[in-house]
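What follows is chain A paired twice: with chain B in the first complex and chain C in the second.
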Partner chain A sequence: MPLIDPSVVDLSRLQFALTALYHFIFVPLTLGMTFLLAAMETVYVITGKQIYKDMTQFWGKLFAINFAIGVATGLTMEFEFGTNWSMYSHFVGDVFGTPLAIEGLMAFFMESTFIGLMFFGWDRLSKPGHLAVTYLTALGSNLSALWILIANGFMQNPQGASFNPDTMRMEFNSFLNLVFSEDAQAKFVHTSIAGFVTGALFVMGISAFYILRKQHREFAARSFRMAALFGVISSLAVVTLGDALGRLDYLVQPTKIAAIEGLWQDSDAGGSAAAAPWLVFALPNQATQTNSVEIGIPYVLDPLIAHSFSTNIPGLISLEQQAGPRIEKGITALNALQAYGKDHDTAALATFKANESDMGYGFLAQRYAPNQDLSLITPANQDAVVAQAEKDTIPNVFVTFWSFRIMMALGFYFVALFAFAAFFSLRNRLERNPFLLKLCVWSIPLPVLACEFGWITAEAGRQPWSVYGWLPTFQAASSHGVGYMVFSLLGFALLYSVFIAAELYLMFKFARLGPQPHHAAAPEAAAAPMFAAPAE
Partner chain B sequence: MELYVVLKVIWAVLLGVLLSGLAVMVGMDMGVGTLLRFVGKTDVERRTALNIIGPHWDGNQVWFILGGGAIFAAFPTLYATSFSVFYVVMILLLFSMIMRPVAFEYRSKVDTKKWRGAWDWAFLISGAVPMIVYGAAFGNVMQGVGFHYGWDGQYYQDESFIFYLLNPFALLCGVMSLALSIQQGATMLMLRGEEPIYGRARKAAIGGGIVGAALFIIGGFWVAHISGYAFTSPVYPGAPATPLNGPAVAQVTGAWLHNYAVYPILWALPALGVAGMLGAAVMNSARLPALAWWLGAIGWISAIFTTGASMFPFLMPSTTNPSQSLTVWNASGSQYNLGWMLFFALVFTPIIICYTSWCFYVMRGKVKAEHVAHDEHSY
Partner chain C sequence: MGKLFTFIGLGLVLALALLLAVVAGDYGPWYFAWMVGTVMIVLIAGCGAVLFDSQHEKGNGEI
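Showing the complex of A and B:
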């Protein structure tokens, strides 16, 4: 059976990566801003001070501009598995589709229904009633992230399902294993909190802009302080959870962690695992399987990854070699599976069962088999096929190594920035630090960038698998023609470009305009809608 | 009956419920989008029309997302195959759908004719195109689609997109779906709008109901002449779900009316459909939009269940390899999965219905033009 045209696979991957990364420009702000808005409104309800209501409404308006595209581009994600990853959807839909469906039922309905009331219900709900609605929106958006990341967790560390040779797919067998996948849980907290960092820096940066311009002083000072404190806690938490996630990768995705660290040789290759350096800078070269240049700090790698001074961390070269026998068993498994599919032969089933856990590695061999047909592999040509397929078992090291380092450096930068910002804000000395304020303004887009590189680390590092160890990415795509892919890619590029242009235009426009508190000018109009219409 | 078969049947019915929720709730908002340029001549009128569904469109749209997610989980092979087989229209559907959330949020944020005019066109496209595609999908699926599977479950497409894009029966279904969405949307505009929107919407609502009913009846007669599908060897509903080793299936003209011959009670469904659509038109003409809205919803839902009842247990037959046709029996998820999904559906559906109703209750009453013009939060 022929494999899918490699250029169609590449175009499908490109489309998925672009639409997913684009979607995630808007998601972190939604995750973080909903809770920030809830916090501001809580202060309003407790203290009764109008300025906190102004804050909730003004930041809510900027939030809404961002939220719309997040919703729109999320639609694409829900459908792209079916439109472009048909084999994937068939192969794991029974377990992967479930968290997506539950997400709709439990989280997205809640978020989307209450966000309507959050914006339209100010005059129709009591103060605590509206506050409850805001919290339900925030809860909905974060629960939504939980179920999406449970689904993603299954791709990284597939547990809670087993392969059924009668239906040729993975079938759901343990709800608890799926939901309490450590990878999913750690990634959920890491991702949500990364959203909090994004929201905090967004509010802090725009407030810094007003402080620099000496506009909306009280409004900006209060917003800045709340965001800075929110940011200190979140940025510390995001770094801590990132470490937890790295350790999980070490346990269940050894190829990813070795690629992240640019580790070609085993960490004890130099004599002692403890002394192995953590690379600050390196130029990994996939062809020669070495780093062209590397600068590292000794005695950091082992404690960082394995939380130990004596554990050997396997390098990419030995991981490749370890994959060899698994590929051989995988070929046996798939040939037996195909035979079983034809006539339900029990001997074939027994052979398959004996080699089942390596079947995914058999798929990897398919592209190097004669005529791409595994049944044509003989003892004579097997070694050559396995040797080629081995090289495919590790991800692109350069991409994984550098996207991780950019993300991590940004993470530590945020900790420092929020710490200084909170310090000067609490001492009321912000206006004397224009440099810090400018830094805050210019840093607004950086958390989004960190999130994007985080996703690239996670998903590029997962390659060559779409479901780690079970289904290679090149096997997972739909068998479209190149023309179809060009059509959809061009359409997405055009539409998404228009969207981002409109988004940035509105965001800059309303952020520059700033809050328009009516009560200073016309205190008697307190019952009327909160802000005067922007002058156009 | 064994538990697995019961679960498969329950999920087939729930699939109908989801498609109905999508049609009624999302269709209503899309009808408003389609009609926007017609019911609103001035900018304030258009904004008023948008704000009638403003607090609810986002929540309603989740029916669409949940529909995708639930088909993915409950009928994974159907999701995997149908979305890929109809690639070109699915992508057109997506392109039009994703304009809508942005159009709602951005349209009224800049006060220039060009900007708002452009977004008004986006509303027209994102209202009409998805509803036509939605109906046409039913029409196409009823006639079967060209696809088959390899030994490992990978699907292969055997027909060009031209066939499903320009297929007369499918187009009829598409226009019917558009007409019904216009009926539901216009009725909502009457419910919460005032003159002159009310009067214009009333005309559209009556027209939508009559056109919808007429096309539904024509489609019914047409179905007797298209090739349906029928099993020609024994079927085991409780077997593991895979289309790979299916029973023999034959194309038989008029087979889609077979279930109605066996169970004449099923004729109640199309009868209810026509009665609902025409009844809604009568009620709208009598200026009773609340009653009309519910009658229209009954018409929509009956039309969807009419299709389901005529095809059951087929979901998406294959023209090129009929024995690999997707059915309720062979395209569903595993028993364990269907059980867990049912548990979540039973727990959360009542909760969703409660808070959605509460949300409509909070936002009840007429949307007034002068209020929209002065309220900063409005669209």
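Showing the complex of A and C:
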């Protein structure tokens, strides 16, 4: 099988990265806002106070603008798997397609249906009925994310499937293993809660804007209070889940965790694994396999990554060397697979089965094989091929290292910001702290930025694999021409620029307009609380 | 009769929640944590609003 033009692979990666990162500008807000709306409406239903209905409706309007554009940008990505990643779709379509289909059929339809009821059902549904719809909308939006993240969990840590040499693709052997994979679980919770943080800071920031301008005070103060409490717990949870994901990466993707930490040598290279520093700042140099500058805190790395004081964490150089024998076995596996494909020779099948777990590493050798044909690798040239392929087994360390640090720094910033916001809100001292309020306004886009850097860490750190250990990214793309890729990339850039301009225009317009004037007395009298005592 | 149906409906929701909790707790501890945690986050945010109303009724209008 000839290799795909590297420029096409790079352009396909760029296109997917741009469309995915763009899509993820909208997703976290949807995930978080729905549950925040549910919280507001719960208070409305229980207390019967009109202001909470106004809050639900106003923030719901901003949520709707975001949701509409988020859905449109998500759909294109599903098509990209088929158009730009056809080898990937062939190889793991049996496994990957299932969660994607469930997402479309179950979660997406559920979410869309209930969103319609949520917006148009205020006068048609009972109060508890409408509240149930709001909760189902929140559940539906998070279930959408769940199935996508289950699919992504498979790419990070393939479980629940095995390779079939007759069909030449991965096929299901356990749906439950796929759904309950630890990677999928931790990733879903981390992503969903990161959305909660985004939603909370969005509401808190705009409320802070109103408080600073002395507009809609009652409305803004309540919104601020709810968002601050929602955010303080969510931000703590997101940090906890980040630690769980890091621990999982250490166990199943050692190259990613070593790249995240800029760890070229083993952690015990200095004599003691426990004393290894956690690098706050470094300039990783892929060519020399060193860090040009390093500033670290000793005795932090080991407990942080391995939750231990005595475990050696392998560095990138060791991991590269460990890949050598796997590449050799992978070459044997792929040559046996080719022989089996010709005449179904049982001896070839047995050889393949014995080396199957390293098949993906064989693909890595293909680009360095004579004429890019693995069958032309001989004992004489194998060492040279393997030595070149070994270098490809580690990700881009600079990108992974820094994207992780930016995400993490923002995560801790959110914990501090929400803690102060909740503290001053609970003490009714917000108006005395204009600096905090201004900080809340300016921080509105930061959770989205943190989510984007989180995804860059996860996906850049997974390289060179599209499915970890099984399928390299350069083997997964479609064999398009460069012109096609450039044309479609420009089309996406143009279209998405229009979308983001529309989104920002509408968001700013409706946020500046604010809620409709609130008349507390009359509607409150009309709206009976759900659990009110019967009238005398 | 209406109250009876409400009681039965809420009872079914409770039974379903317990079943989900048992299955998720056994097979998906992080999923379970998400379910419990999300409910907790929503309830605490709601309590914050109720507390605000209570403080506001007694306070001087400062926010």
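Details
The working rule: the second predicted complex is superposed on the first by the 517 of 536 C-alpha atoms of A that agree within 3 Å, B and C clash if a C-alpha of one lies under 4 Å from a C-alpha of the other, contacts with A are read in each partner's own complex, and residues count from 1 in each chain.
We adopt the following convention: a residue touches a chain if its C-beta (ideal position, glycine included) is under 8 Å from a C-beta of that chain, and two chains touch if they have at least 3 such contacts.
Just so it is clear, the structure is predicted and the values come from calculations on it, not from any experiment.
In the three-chain model built by superposing on chain A, chain B fits alongside chain C with no clash.
When the two complexes are laid over each other on chain A, the CA centres of chain B and chain C sit 90 degrees apart as seen from the CA centre of chain A, to the nearest 10.
When the two complexes are overlaid on their common chain A, residue A:G491 makes contact with chain B while staying clear of chain C. When the shared chain is aligned, chain C comes close enough to touch A:Q185, but chain B does not. Contact with chain B, but none with chain C, is seen for A:T73 once the two complexes are overlaid on the shared chain. In the superposition on chain A, A:A275 contacts neither chain B nor chain C.
More residues of chain A are touched by B (comparison of chain B with chain C).
Contacts of A:D94 after superposition on the shared chain: chain B is touched, whereas chain C is not. By the touch criterion stated above, A:F119 is placed in contact with chain B alone, chain C being left untouched. In the superposition on chain A, contact is made by A:L176 with chain C only, not with chain B. Contacts of A:L212 after superposition: neither chain B nor chain C is touched. Per the superposed model, the minimal spacing between any CA atom of chain B and any CA atom of chain C is 16 Å. Residue overlap on chain A between its contacts with chain B in one complex and with chain C in the other: absent.
Considering their complex, residues 1, 61, 64-65, 67-69, 71-76, 78-79, 81-84, 86-98, 100-106, 108-110, 112-117, 119-122, 124-125, 164, 166-169, 171-173, 175, 337-338, 341-342, 475, 478-480, 484, 487-488, 491-492, 495, 499, 502, 506, 509-510, 528-533, 536 of chain A touch chain B. Across the complex, chain B meets chain A through its residues 54-59, 61-62, 64-66, 68-74, 76-77, 79-84, 87-88, 90-91, 94-95, 97-102, 104-106, 109-112, 150-157, 161, 240-242, 244-245, 333-334, 336-337, 340-341, 344-345, 348-349, 352, 355-356, 359, 362-363, 374-378. Listed in rising order, the residues of chain A touching chain C in the complex are 35-36, 38-40, 42-43, 46-47, 49, 52, 176, 179-180, 182, 185-186, 188-189, 192-193, 196, 211, 217, 220-222, 225-230, 233-234, 237, 241, 244, 422, 425-426, 428-431. Contact residues on chain C toward chain A in their complex (touch as defined above): 27-31, 33-34, 37-38, 40-53, 55, 59, 62-63.
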